[in-house]
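Structures follow.
Both complexes shown next keep chain A, but they swap its partner, so chain B is in the first and chain C is in the second.
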Partner chain A sequence: MPRRSVLVLAAIALVVTIAGTQTWAAYNAATGNTANSFASGSVVLSDNDSDAALLTLAAAVPGATDTGCITVSYTGSLAAAVRLYGTTSGTGLAAYLDLKVTRGSFSGGPPAFDSCTTFAPDATDYVGSGSGVIYNGTLLAYPDDYATATADPPSGGAESWTSGETHVYKLQVTLQDNAAAKSKTATQIFTWEARNT
Partner chain B sequence: MTALALSSTQAPRRSRAVRVAVALLSVWLLTLGLLYVGGYRPLVVHSASMAPAVDSGDLVITRAVAPGAVAVGDIVSFHDRTREGRLITHRVTELHHERRGVAFVTRGDVNTAAERWSGDSGARVGKLALRIPLAGYALIWLTRPAIILALLAIVLTLLASAVLAARATRHARRGVVRAMLAGLASAAGIVSVPIMLGATEGAFSAVADNPANTFQAAASFCATAPRTLNATADTYVDQNAPNTNHGSDAEMQVVSATGQNSRVLVRFALPVAPVDPHCPMTSAVLRLNKFVLGSSGRTLHAKRATASWVELTATWNNQPITTDVDLAAAPSGTNEVDFNVTAQVASMYAGTNNGFLVRDSVENGLGATQAYSTREGGNPSTLIITYG
Partner chain C sequence: MTTLRKISLTVLIAGLVAGVAAFGAFSAFSATTSNTGNSFASGTVAIGDNDGGSTALYTSANNKPGVPVVSCIKVTYTGSLASEVKLYASAGITGGAAFNLKVERGTQSAGSFPACGDFVATLTAYDGVLGAFPTTYGAGVDGKDAAAAWGTNDSIAYRFTVTAVDNTTPGARTAVISSGSHDFTWEARNT
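Presenting the complex of A and B:
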């Protein structure tokens, strides 16, 4: 092999190394090593609300409250972790609404959607607000995206949900005693998101 | 002689084989180099979250582009900070061009959950340029450590063989160098595969939403209903009869006429203010109801009386003094007349309740007369107080 061919080969190898590092640094900085596993299967999460609202307050005065329970079920084939967050809109009432989310199960047969009859909270005090409570704060402070979402459960390590797993969530909203809340409104979407682990 | 003849025929074959190997590796490395220079990158897909458009085991070639070059529907690779920075390949479902860059909403075709992320103008996003179905499986197999080691062992064996063969020729030194370089190039080609090959990982997700939760606070937090009070004392005083009391009359007059002015006196028993802190008085309206007469075009003033008066003894000459503080004005008309006396009633609650005096704003006129009903006339004046 001619010597110049060898030099060309070496030069190409050098160009590849340098170009590969610089050109792709913009979006491959955190790329890990190529894994040997290939993921196939499904992540499927559902609830029993039939798109009906869980909570409603109309012409509310201080102390007005509403409570509802929703059942969230996992039927995906891949193990998944679940987080809770939501989307808030309105004219500012969210700052004056206290929200408590409690995870648990029904001790008897599941009642109709929204009813909390026979609801039994998890025994664990996850956030120091009582058995089963996973969020206790204002609606305004409730996480609004996956990045800041409340892990389920929020302490002791997120659980890995498997097919057939079901949890019941009891949500309670209460209007604070603050005259600044008058005539204000809020609209809330509560979201449970599962991602394969 | 036999061994020498064998060597002399095998040596050119090995030399050709080395040339072919070097040429192939040159093409391989040159291709990779050009891809990188052009902003392209090979990625093995490890997830079926985009199936069937991009499936698990596919090899995709992505090209680095500015966020502004991406359109809705494109399949892009990006580092998802909510998945520990893993490289994810999903489809763009929404784009929002913002001042500092582009906000993306992406989602795997089989997912129900979306990712929201953004790229500033200087960032680069990997846009899908080419998909080679199933090729990722082959490349992943080639990059297994055992395979790499096996290939390197083969190269080493061939290299040793080539070196031994080269030593038997006349140009031994040159042959050994060629063989060493060919071996080195082959090893570089083998090792380059796992180094340059990227991976885009599994990203299945799903959401369950509970929508349309609506909350509305009342306009008032006060449960106390508005109160409508009827006058408990009413009369008028007449300049034309300065010592005459009209406390039992069915009507009371406001008159603007030189030497014959008349003024109305009216008082209400104020209720105890609600103790609920959400029930402050928000308005108080004094209403004088029509008797028989009324004329438009006059402005009437309602003033707070600051001294007491008695319905059955009040006259022009002993009428109470008043204050112009928080004076309420209203136009006259053929029907009832309303005065906003909120501030005056608040002062009555804070001090003494002596009622109101109503008069024409410009007295000593040409005889404009307003006549209102008294309690005795059956349609008394009212005070409407609203709370909350």
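Presenting the complex of A and C:
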């Protein structure tokens, strides 16, 4: 009966295939170490300026001054140190602009940016220029990069900023009484940079 | 042939065969010899470690660059067959580029898991980002230097050093990056 022979051949082929698979198998065993995890911390520094300028002097005359306050907040998970520096551009007015930066806090509820109402300086005289002052010099001499930046604060050991910490900085710029300052401009970016410690 | 006659013939033939067999049993001397005690047993492949079953090498949060987390684990082979062992991680590690993993092979006789005690490194098995660590046996890291075979009671200690990759770009780490939970497996296959 031809149909029966074909069936037998098919059955044999199937058996051979299974045997072949088993020939290639090997013993194996495993040991494991489970549930490892590793996470980096974060460094987050922000301010309340909504990208608006803190200081503006337009068509200024000698003695003209402007003052603004900015709140800097830290929300990173790692402790961090903060430094202040900036980037200056323009046509040379920076040499004739005096800048004073004072560190402090708001004694009451925070006013709208960039008001300094209720600003209270730190009690410490950091650089010998009065309570809370951390920089007192020309805008030109203000540090330009992180490496040369002013530590926060510049004396008595840098503050270790932790999440939720805020400080207020009062910046005052005044045009010197110097004829050489005539018809010049200056533009400044102030930077607070936090790096984990 | 009727059905009755067919049955009768079958009975007759069966009776004849029985008769011959009965006759044969009485017709010759016999002797036998035997070989006894033969046996066949498969070999074993078995491997273990000293982590107590469920303790991780590291569960570390809020890490920063330059502060490595260092742990050691000792793996011992107890199978009877020579095997090749590979180390690999589970799939699904997240943020793997933000972490560096260094795995060194070595010896260790003192210090209990996950401490490294008197660990002495021989060769570095892997040094790269966690996210690029192999996740299959085929691509796995050699259990021994030069993928040498493991014999019964061979032990290798491994030192894991994990660090957060430095990134000084402002704003690069304003969010926490987590690797997620992941496992390491040493798998032995007989050679």
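Here, the second predicted complex is superposed on the first by the 158 of 197 C-alpha atoms of A that agree within 3 Å, B and C clash if a C-alpha of one lies under 4 Å from a C-alpha of the other, contacts with A are read in each partner's own complex, and residues count from 1 in each chain.
Definition applied: contacts are C-beta pairs under 8 Å (C-beta built on N, C-alpha and C of every residue); 3 or more make two chains touch, one makes a residue touch a chain.
Just so it is clear, the model here is predicted, and its values are computed rather than measured.
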### Query
Hey, is it chain B or chain C that touches more of chain A?
B
### Task
In the overlay, answer first, second, both or neither for which of chain B and chain C A:Gly76 touches.
both
### Message
Touch test for A:Leu55: chain B only (first), chain C only (second), both, or neither?
### Response
first
### Query
Do chain B and chain C touch any of the same residues on chain A, and if so, which?
26-44, 76, 78, 193, 195-196
### chain A-facing residues of chain C, complex
42-49, 51, 54-65, 69, 73, 75, 79, 81, 83, 95, 98-99, 130, 162, 164, 168, 170, 173-190
### Task
Would you tell me which residues of chain A are touching chain B in their complex?
1, 5-6, 8-9, 12-13, 15-16, 19-20, 23-24, 26-47, 49, 51-62, 70, 72, 76, 78, 80, 90, 93-94, 96-97, 139, 145-147, 173, 175, 179, 181-196
### Query
Contact residues on chain B for chain A in the complex?
18-19, 22, 25-26, 29-30, 32-33, 36-37, 39, 41, 44, 46-49, 56-57, 64, 77-79, 81-83, 85-87, 110-113, 115-116, 122-126, 137, 140, 143-144, 178, 181-182, 185, 188, 192, 194, 196-199, 201-221, 223, 278
### Task
Note which residues of chain A are touching chain C in the complex, please.
26-44, 76-78, 193, 195-196
